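Structures incoming, each one as structure tokens.
Next come two complexes built around chain A: one with chain B, the other with chain C.
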Partner chain A sequence: MDPRYESLYEALKNVHGYIYPNEISLTWSILIVEYPYITGLVAGAFILASLNRVFKIKALEPTYIISLLTAFAFLLVATMPLISHLGKPLRFWEIMITPHSTSAMAIFGFVYLWYLMIVLLLEIWFDYRYDFVIWSREKKGVMKYVYKILTLGAMGTSEKDLKWDKKIGYFITVVGIPSAFLLHGYVGFIFGSVKANPWWSSVMMPVIFLFSAMVSGIALVLFVYMGINFIRKKVQNMPTLDSIGKYLFYILIIDFTLESLDQIHRIYEANESFEILSMLVSGKLFFTLGIMQITVGTLIPLLILGFFQFFKPADKIRRIAYFLISIFVLTGVFFMRWNVVIGGQLFSKSLHGFTTYNLGFGGQEGFLMALFWMIIPFGILAFLLWLLPPWKKAVH
Partner chain B sequence: MNLKTEKSSRRQFLNTVALLTGGLLVSSVTKPFNGLLAASNKPEGNEPWYGIGIDIEKCIGCARCANACKEENDVPREPFYFRSWVEQYTIKNNGEIIVESPNGGIDGFSQSVPDEDIFKSFFVPKMCNHCSKSPCVQVCPVGATFESKEGVVLVDSNYCIGCGYCVQACPYGCRYIHPEKKTADKCSLCYHRISKGIAPACMEICPNDARIFGNLRDKEGELVKFLKEHTCHVLKPEMNTGSKLFYNALNQEVK
Partner chain C sequence: MPQQIKKLLIVFTIIFGIFFIIKYALKPKSFGEFGHYRGLAIIENENKQVKYVGTEACNDCHDDIVSYKKEGPHVNLQCEVCHGPGYLHIQDPETNKLIIPSKREKCGICHQKNAARSENNITQVNLKEHNVENKCIDCHKAHNPYEFKD
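On to the complex of A and B.
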């Protein structure tokens, strides 16, 4: 037997009921699970940063720059799982140069570039411009020139210059919030607009994607913020943690409500796809949806965060709880993406049966590749934190 | 002087606005259901506009169509890739529906349900519906999938990036990513044959004339005659894909 088809012959043995013969192999793998996951982390982290800037929430201030750099690090990688999943990865640029106007996917490149180049890069640059100037004067050797280049020749350090930096930065943030909403709402639309798939086809999809993105982004910033403090042996700022926890709690409630509404609507309407979808949820997706997404990723964090809104146990307990919650929520949202992408392909569009998904270890779309694209953003973030240390920024 | 200029420019502006509003109003009254009409009509032109008819009552489930398709179009022989296949539907007395298509029917069918439990059983050949409002064409991010002027949905494999969005968008499961080419693949209605006036391989090989291929614009043609004489339905009409694959005697159980 040709080894390329081994896993498919194995899957063929595990087909339940009837599926169209072309449906045995899943077209979209774990890499496409990662694509909306990473994009969501970006949008969520950015929205947290914007909340801080626009609404001037004092307690969130220490996370502002960290949120932006985290969003940037993940955004640089966001397209990579998508590109490495393509049958013809070297043709990816065709989306940019010959986009097909009716395709929901074709606009991704432009939405992405708008967000990367116009919003995030500019915002970070205006935030750091003054520091670049200062660092280019203070540093020696190569770094002096690196920072000098990063100033792009804008060397002004007067009060007026600083005021302008702030003004433009604020304007970009205001533009950035709808952009972040657009970025991730749009990713939801890529799935929600597929009418052939009853598990995806829902007008709620963009909204659900957006709120779960905010949830995951806030959890990521919580995780990164605590991780940085731990590595730098700094004391965790409890008001900051409590504040992030509070926002995470609120957004998580909205997210859970929206997802429940979608499910309740499906159950109550109970149209022709209802039987197969309820079998999917209670069978193939029981672990990833019931346990990982709902219990671990949503209910447990909700209960603990809810408890913290009324009672404040000792700092140490809250610290541990916040750290665990960030991991739980990040895991839960990952499985939410899994349940959408993989779950949507496990049942047949004939509505008569199921196939299975075997995640391979190596290969173009295996576990190692997926892990690689999850680790890389943390590497980029570490580099960014070294190049642009938020703790060495001048206090204005 | 200044006041006069201002007044006249304001008047001009009001005139333009009134003209535009009136124009819009008139055009919306005279062409109220323009979009709807376009949706249900054939596109303009005199070229052939191809469709397919399948007579379920005539299909004997030999699946020679599925085999001929693989031979003709270099479709991988593994049982995971089909441009054309045959399904055996068995509806049991208790209402249970059993669908089978081992290797697309190419190796033959066996009936797993005892005769006394069968309410009815029939074969349904499947292939691309060559939809006139096809979701696969709509979603292709680079336009590598397109509809030819004859209404045939094709893939340009030199242009396809292999993203698989079209595979997800097809409600009928008619597309797959070719394991060697790594691009989307599907029934081309044997475009290389029909453009030379030869019938598609699956049509030509059918021993019982269960498959009809023809020009939907040709009122005297075989396909239009078939549609006139039979009560035909398309698969999943609720999808509104403008399917051009018409089945005679299609049971509502068939998806």
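On to the complex of A and C.
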């Protein structure tokens, strides 16, 4: 048989009920799942760092720089899944030189640049400027010049200079908090404003995205912090872990409440899309939503973290639990993005049928590509930790 | 002004300067002439060679087939939908022959049973079941398919 019909018959096997022809295969793949996921990790990690700085929480101090560097490493990669998803990836820069003011994606480019250049880079620079000066004096060879360039020529180390570093750094943090909210709220907005899709179109979307971002960012910092201590063979600082756990618990409660509110609202409203959405939730999304997102990613961590707020088992048990919780929550939030992005495309706009998403292994939009963009930020983070080791920072 | 700010201002000025130079250099000259797109794109498309010549051009030589086709359900179908673009053929019919499709799958492009297609407008046939051994044009006359060959 002609290969065109072969592929049509193959595609029709994935369809249940009535579906429009252009809905058979999904346009937004796993890479579009990854984009809000990574952006969320960035915003979450940054918000944790900012809360730490603004509210001066002593126990969280060891995670401050790590959160910033983690946010930076992930932000550098945040747009890469989007770009690899494009049909012509090498033309990505055109969105920046001829931006359209009514295009949500073009404006995202500027929100992203603002956050990268003005907020994160500057905050890290002000935090490290003094250390760059010291290191540029202490180090030898190429590294001496690398650090010298990183000072941008601002070599002052007087009390007054340090005070300015702190003052401006604090100011950027204060500006950074709403910027981080904007960055990720915006991602939620892009989905929430697709009015033709009943699974996405909700004003709650930006808020839900924001809180799940905070949850995932905190979990990522917990994971990275424990990982770094493990690799450096350092003892895990239990008050710090307990503190992160406490904040994770609080934000997770808010996140869970907001998502439940959204669902309860849909159920109570029960408009014309309700039937297909309930079939979606109990059918195609049962594993990713019911098991992975709600049970593994939310309820189990909530129960364990809630238990820890009242009872404190031995340090070793808590350590293992925190590590597992960080992985559970990270997995749960990934599946939250999956359920939004993939789930929203699985049902027909006719509200009478479903298609199926088959994740390929290789190829431009396959599993390997997604895995690649998930591993790269950890590589960048390792490089940043080598270049800017927080444990070698001068105490001032 | 603290020295940090001074140095940062210099760096940011350089970065923005480079950005605007790049923007100036890479932005197509005709961009924004008529709207948010490259103005020249319209002229470039206008200048492209038209490859489909239309049924009227076919009618100049093949008027018998064109008028026969008008009697059947393929009345509104352009000849080149099945036979391919004819711009070379009308210049030199002897050397540039058009396609004469004969495979079942060719007819299937429109007639293969597909739930997404309206059955009222285009006859739907399940190619996997209907007279599998033969080509469509073994029985049907392609230009007027409800008439059968002898």
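We adopt the following convention: the second predicted complex is superposed on the first by the 386 of 396 C-alpha atoms of A that agree within 3 Å, B and C clash if a C-alpha of one lies under 4 Å from a C-alpha of the other, contacts with A are read in each partner's own complex, and residues count from 1 in each chain.
Please note the rule applied: contacts are C-beta pairs under 8 Å (C-beta built on N, C-alpha and C of every residue); 3 or more make two chains touch, one makes a residue touch a chain.
Here the structure is a predicted model, which means the values were calculated and not measured.
S.K.: Could you tell me whether chain B and chain C fit or clash when both sit on chain A in the superposition?
M.R.: Once both complexes are aligned on chain A, chain B and chain C clash.
S.K.: Touching A:20 in the superposition: chain B (first), chain C (second), both, neither?
M.R.: both
S.K.: For A:168, is the partner it touches chain B (first), chain C (second), both, or none of the two (neither)?
M.R.: second
S.K.: Please work out whether A:129 is in contact with chain B alone, chain C alone, both, or neither, and reply first, second, both or neither.
M.R.: second
S.K.: Between chain B and chain C, which one contacts more residues of chain A in the superposed model?
M.R.: Chain A has more residues touched by B than by the other partner.
S.K.: Once the structures are superposed on A, label A:152 by its partner contacts, choosing first (chain B), second (chain C), both or neither.
M.R.: Once the two structures are laid over each other on A, A:152 reaches chain C alone.
S.K.: After superposition on the shared chain, which partner residues are touched by A:98: those of chain B (first), chain C (second), both, or neither?
M.R.: both
S.K.: For chain A, give the residues common to its interface with chain B and its interface with chain C.
M.R.: In the superposed arrangement, which is not itself an observed complex, chain A uses residues 2, 4-5, 8, 12, 18-21, 98, 100 for both chain B and chain C.
S.K.: Give the list of chain A residues in touch with chain B in this complex.
M.R.: For chain A paired with chain B, touching residues are 2, 4-5, 8, 12, 17-25, 27-28, 82, 85-88, 91-92, 94-95, 98-100, 102-106, 108, 190, 194-197, 344-345, 348-353.
S.K.: Under the touch definition given earlier, write down the residues of chain C that touch chain A in their complex.
M.R.: Its residues touching chain A are 2-8, 10-11, 15, 22-23, 26-27, 31-32, 36, 103, 105, 108-109, 112, 114-116, 127.
S.K.: Inside the complex, what are the residues of chain B that reach chain A?
M.R.: That would be residues 78-82, 85, 87, 97-101, 103-104, 126, 135, 137-144, 159-165, 167-177, 179, 181-184, 239, 255 of chain B.
S.K.: For chain A, which residues are in contact with chain C within the complex?
M.R.: 1-2, 4-5, 8, 12, 18-21, 93, 96-98, 100, 117, 122, 125-126, 129, 152-154, 156, 160-161, 164-165, 168
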